[in-house]
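Note that the chains take the letters A, B, C and D in the order they are written out, and that residue 1 is the start of every chain.
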Amino acid sequence: MIKIISESFNIESEFEKIANSTSGAYSFFLGTVRSDIIADQRRINGVFLECYEDLAYQQLSQIRLKAIERWKLNGCVIIHRVGNLAVGEKIVLVLTSSSHRDDAIKSCEFIIDNLKIDAAFWKFNIIGSEQIPIQAKEKDRKKFLTWKDVVN
Amino acid sequence: MIKIISESFNIESEFEKIANSTSGAYSFFLGTVRSDIIADQRRINGVFLECYEDLAYQQLSQIRLKAIERWKLNGCVIIHRVGNLAVGEKIVLVLTSSSHRDDAIKSCEFIIDNLKIDAAFWKFNIIGSEQIPIQAKEKDRKKFLTWKDVVN
Amino acid sequence: MKINLKYFSWIRVKLKRGQDTIDVVEKITFKKLKPYLIEKDVIFEEIFEDNSTKFFLNLIEINDENIPLNEGDEIAFLPPVTGG
Amino acid sequence: MKINLKYFSWIRVKLKRGQDTIDVVEKITFKKLKPYLIEKDVIFEEIFEDNSTKFFLNLIEINDENIPLNEGDEIAFLPPVTGG
């Protein structure tokens, strides 16, 4: 299941939706808005998440299917929020379930690493009323390259 | 925070307890009782979790501190249930938070891998009214060895 | 014929708008669309000079700029993504 | 003097009890405790033969079996753990 939404979500409820007694292992990654980001020497008021939804759904579906196949997942949820988000708010949730621990853990890490570089979302720091685009990180691109022998 | 309890827990509530706006990344591992376990050619009714609590608290504290130091975590929760658990029920939750994604993800994986081989819990399959001890897995021991260059 | 342009991230901020619908000659290629846009608004020069930007035509990345465009096509201007 | 024994997993199941309090001579070592227990209940022979079992004295793993025991000590019999 893939959701691109402006409202928040509840982690327990998302777990319940895919909870299944053939899965013994669930791995979650949650990304939230940090308060200690400094842009233009000022603390941010929050972030703005922009999305090209048609493309993002397509990209997230591909990433999700790749993970389900590679790790034999029973369930896989990706939720990404859009719009203005205050400090501390949830941005993204990746949740995977499998019979086995390693499959759930690795697939969850793969999905967030892939999403970071291949899904049509853009984050802006909000300073006052201004949106300042965040620079893409070379670190994220390098990290994703480490998956090339694991997933193709 | 470490909890060894018989009652269940809510993942969202556990997140809220350590949610902090200096953390941008949260990683969770949840283990549950699978239904498809066959013991003595019969499906299990559930599992029984036995614990040597004084020792387990000590061991989990050491594992937790090791992870907090190694990965600069802002928060770290380990919850392990004890007693009779039905199929589908939650057994264990590991939750880590950090400024950065990789630190949260790696530490969470390390903690569950270490817990699996170094914390005084024993699992039994319940068939009828009988408790059948589950065998320790060589796979878990081998997996944990892969951390030896990462954590000391 | 009409085509739709969608702008994201710094490109949207720079242009101060998220999209345009423009009227162009039939079967214009993406390659020929570029100077046409620069002529209308010099900001496009900077946009096309940034080689980290990707262009998608109807949700598929443009690899060959000689691809001819059709009525109703959607071209998206995508700087490197920064979600998650 | 009295010492406490705690049994876990298959050892508890086999002995059909989770603990014992036993009365032993002062300063008995763990090494000498073993034949004493086997004499009282032959099941301990099987328990001590399984070399995957670890023994903890007051929450610290016993590495030297010549360690002398004291009044109120707690010795735990721990098969390989299987939690999580």
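Just so we're on the same page, a contact is a pair of C-beta atoms (placed from the backbone, for glycine too) under 8 Å apart; a residue touches a chain by one contact, two chains touch by 3 or more.
Computed from a predicted model, the values in this text were never measured in an experiment.
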{"item": "Number of steps on the shortest touching-chain route linking chain A and chain D", "value": "2"}
{"item": "Geometric centre distance via CA averages, chain D-chain B, whole Å", "value": "27"}
{"item": "Averaged-CA centre spacing for the pair chain B and chain A, given as whole angstrom", "value": "23"}
{"item": "CA centroid of chain C to CA centroid of chain D, Å", "value": "76"}
{"item": "Geometric centre distance via CA averages, chain C-chain B, whole Å", "value": "50"}
{"item": "Set of chain B residues in contact with two or more other chains", "value": "31, 112"}
{"item": "Multi-partner residues of chain C (at least 2 other chains)", "value": "none"}
{"item": "Inter-chain touch pairs (all)", "value": "A-B, A-C, B-D"}
{"item": "Complex contact set, residues of chain B against chain A", "value": "10-13, 15, 19-36, 87-88, 99, 101-102, 104-105, 108-109, 112, 143"}
{"item": "Residues on chain C engaged by chain A in the complex (per definition of touch)", "value": "6, 8-10, 12-13, 52, 56, 59, 76, 78-84"}
{"item": "Touching residues (chain side chain B, partner chain D) in the complex", "value": "31, 49-52, 54-56, 58, 80, 91-92, 112, 115-124, 131, 133-137"}
